[in-house]
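Two complexes, one shared chain (chain A), two partners (chain B, chain C).
Right, the complex of A and B next:
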């Protein structure tokens, strides 16, 4: 069971704090979404978890052991980076072989099968892969790694809709077959919303939210109808994301859905709708 | 089974209702197997925990039961149980919403009754 314990992590780059006193526990065998705007510190956090860089302060433990230069722990984590660091002159199948040297449980047969499914030619050199296929290639290496912890930084970059769909399904099949901790850092929130169990949101280097998706979606709702009546409903309530179209108005109310006032809404002829995670995210990070 | 990711209703509840619907329609018959949480999770692209939560709702109500090592099955009497439960909610879910919409459209009660009578001819 590979619990990740992040304790009071700070990472400075000169005068800028990429991460500022972040503490966080990532439970084993759940699928997490790591969300944050550009430059929020997502990649820095992932690089720290995987010991690619060192914290200025604080510590990170996985399964009770510090990650610092700890090969035993690091062999159980696979990190699919956004940047391509594979030797360009090697062929896909050669990378599969080399990966097995470090990740002993790497499943070459499964990697070949996935390549076939995605139409990735394993005889191609890394340099000749398109942006989409470079992503597919990296995603396949991660899926086949058999590591206890899979970390994906922008896994679907450059993938078309069909391949993105296939990727999420393969990821879920892989997870169901052998539960593991999966962390997906992405901008495409709407698309992964249903796949995730929990989300971690960071803003300007600080942790601002860690919650099950279901709880987050239950923490707000949308109300709409005639502007003056919506205003009447909104009295004494906290709300964001007001949108006007003529006499029509909608707003996102920051209040647990169990407290919404259905009687009042009916009287005022207003409609409720589900809050979009994307909108909630924008308001939380603005 | 259909799920609406834009609906206000949590996905696990929608899933439970969708399975119930298919039991009512006879797509899943009593004492036969329903799709596994894994199959549901993959085909709808939803987290397995969400799928499990939906299925467990039905297990708790004895609509589904687990056969060890085999999978989930529709309980005997499940259809009757779902019908009873749905009948209880019929007034709130259908009659009241119908009346609400009718009042928006200025349709009187006698007009509604007349419509119901007319629908018998269908």
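Right, the complex of A and C next:
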């Protein structure tokens, strides 16, 4: 089981600090969401975990072994990068064949089945794939790799809603059949929310939150009802995201759900609802 | 090690098509030579028609292959999470294997051509030596140097930013101008020294090809060591 230990990682690009003293542990066999605004340092962190770049300071260990230029560790990770690193002159089926050489557990039959399901022509050359199909192709290679750790950087880039839905379903089916560590970096938080077990939030190169999704969602709630009554409830409370609809309004209260005042809400005829991860993310990163 | 050979296997596979095309062209040129010979030669032993030296084009082919063997393969190996050191080792094994294969094919073709038309290979022309083994070892060492140099130049350009690329491109020009200048100042002593140096390291003094083989291997080792220094922390670039 491959635990990822990130200790005091800093990455500088000239005068820019892309990551600043980040430490965290990624437990095996969980699905993580790596969230952050543009330029927060998400891709830098993923590139460091996968030996694509080198840290300025700090260390990363997987299953107790340093990741730096360590093939023993690297062969257990599959990293679907946003950019294309595959030879454009090769056909999809040729890439499947060659990936099998480097990932011994790569399942060509499964890759072909997924290609069929997603409508990816395996006889096409990489250069002729559209942005969406290039993402589908890379996502299929990752799913079929059977690596212990799967890392996805913007996996659904350019995919239509139908294909995005298919991808999330397939990811969960794949995970259920063979649990593994999955890290997904994405901006589409609403879509991925139900897939994730834990979230890691990075802001300006610093780790600001790492929690199970449930715990994070329990740290806030939505209150709604008649505007004046909602305002009365919100007195002395921290809240974000006020939304008005005629004389009604709703607001997201930053307070653990166990402290919500149900008696007052009942008296004021207000309703509670679960907070959305995206709203919390916006609040945390703004 | 198994994984390293898999890197070599991919790179070798990448070479296959180019090798087939290259030798197809060489055989085509030979057919032209044969046609010219049959058309223009009187068949007398005193004829002046002589052919030779396709080995030079093989060395150029290896140099160009070295120039082209890095970027696409490096990115593909990075997509498969292969470490840089394993990629380096795999690449070297593939390039050395290709050099050995081409040196062997060249020696065989030289001798086949030699049986049909008045043909002399580069090695025979330079060393007045018809020994097959010496020809093979010399060609192999020269090709290893050519392909290593090509790869080193590519690595250097890939790693550098725009300003450094321009500077690197100007260095040989500046060196050449300086050498010419010093040559004038020393009344030809620099040129004389350069010629003497190459005569010695290429074994021309006593027609000993093994001195050249030794020189080529030493130079290749130096170039490959520098290449490793460049590849150790190579970033992925577009």
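By definition in this document, the second predicted complex is superposed on the first by the 282 of 286 C-alpha atoms of A that agree within 3 Å, B and C clash if a C-alpha of one lies under 4 Å from a C-alpha of the other, contacts with A are read in each partner's own complex, and residues count from 1 in each chain.
We adopt the following convention: contacts are C-beta pairs under 8 Å (C-beta built on N, C-alpha and C of every residue); 3 or more make two chains touch, one makes a residue touch a chain.
Everything quoted here is computed from the prediction, not taken from an experiment.
With chain A as the common reference, the superposed partners chain B and chain C fit together side by side.
In the superposition on chain A, A:196 makes contact with chain B only, not with chain C.
In the overlay built on the shared chain, the residue A:176 is in contact with chain B alone; chain C does not reach it.
In the superposition on chain A, contact is made by A:273 with chain B only, not with chain C. Chain B and chain C, viewed from the C-alpha centre of chain A in the overlaid structures, lie at an angle of 150 degrees when rounded to the nearest 10.
By the touch criterion defined above, A:110 lies against neither chain B nor chain C after alignment on the C-alpha atoms of chain A. By the touch criterion stated above, A:71 is placed in contact with chain C alone, chain B being left untouched. Using the contact criterion defined above for the overlaid structures, shared-chain residue A:51 touches chain C, although it does not reach chain B. No C-alpha atom of chain B lies closer than 28 Å to any C-alpha atom of chain C in the overlay. Shared interface residues of chain A (contacting chain B in one complex, chain C in the other): none.
Interface of chain B with chain A (complex): residues 5-8, 10-12, 37-38, 41-50, 100, 104. The touching residues of chain C, counted against chain A in their complex, run 3, 6, 9-10, 72, 75-76, 78-86, 233, 235-236, 238. Of all residues in chain A, those touching chain B in their complex are 30-31, 165, 168-169, 172-173, 175-177, 193-197, 213-214, 217-218, 221, 257, 266, 269, 272-274. Listing the residues of chain A that touch chain C in their complex gives 50-54, 69-71, 74-75, 77-79, 81, 83, 85-87, 98-99, 101-103.
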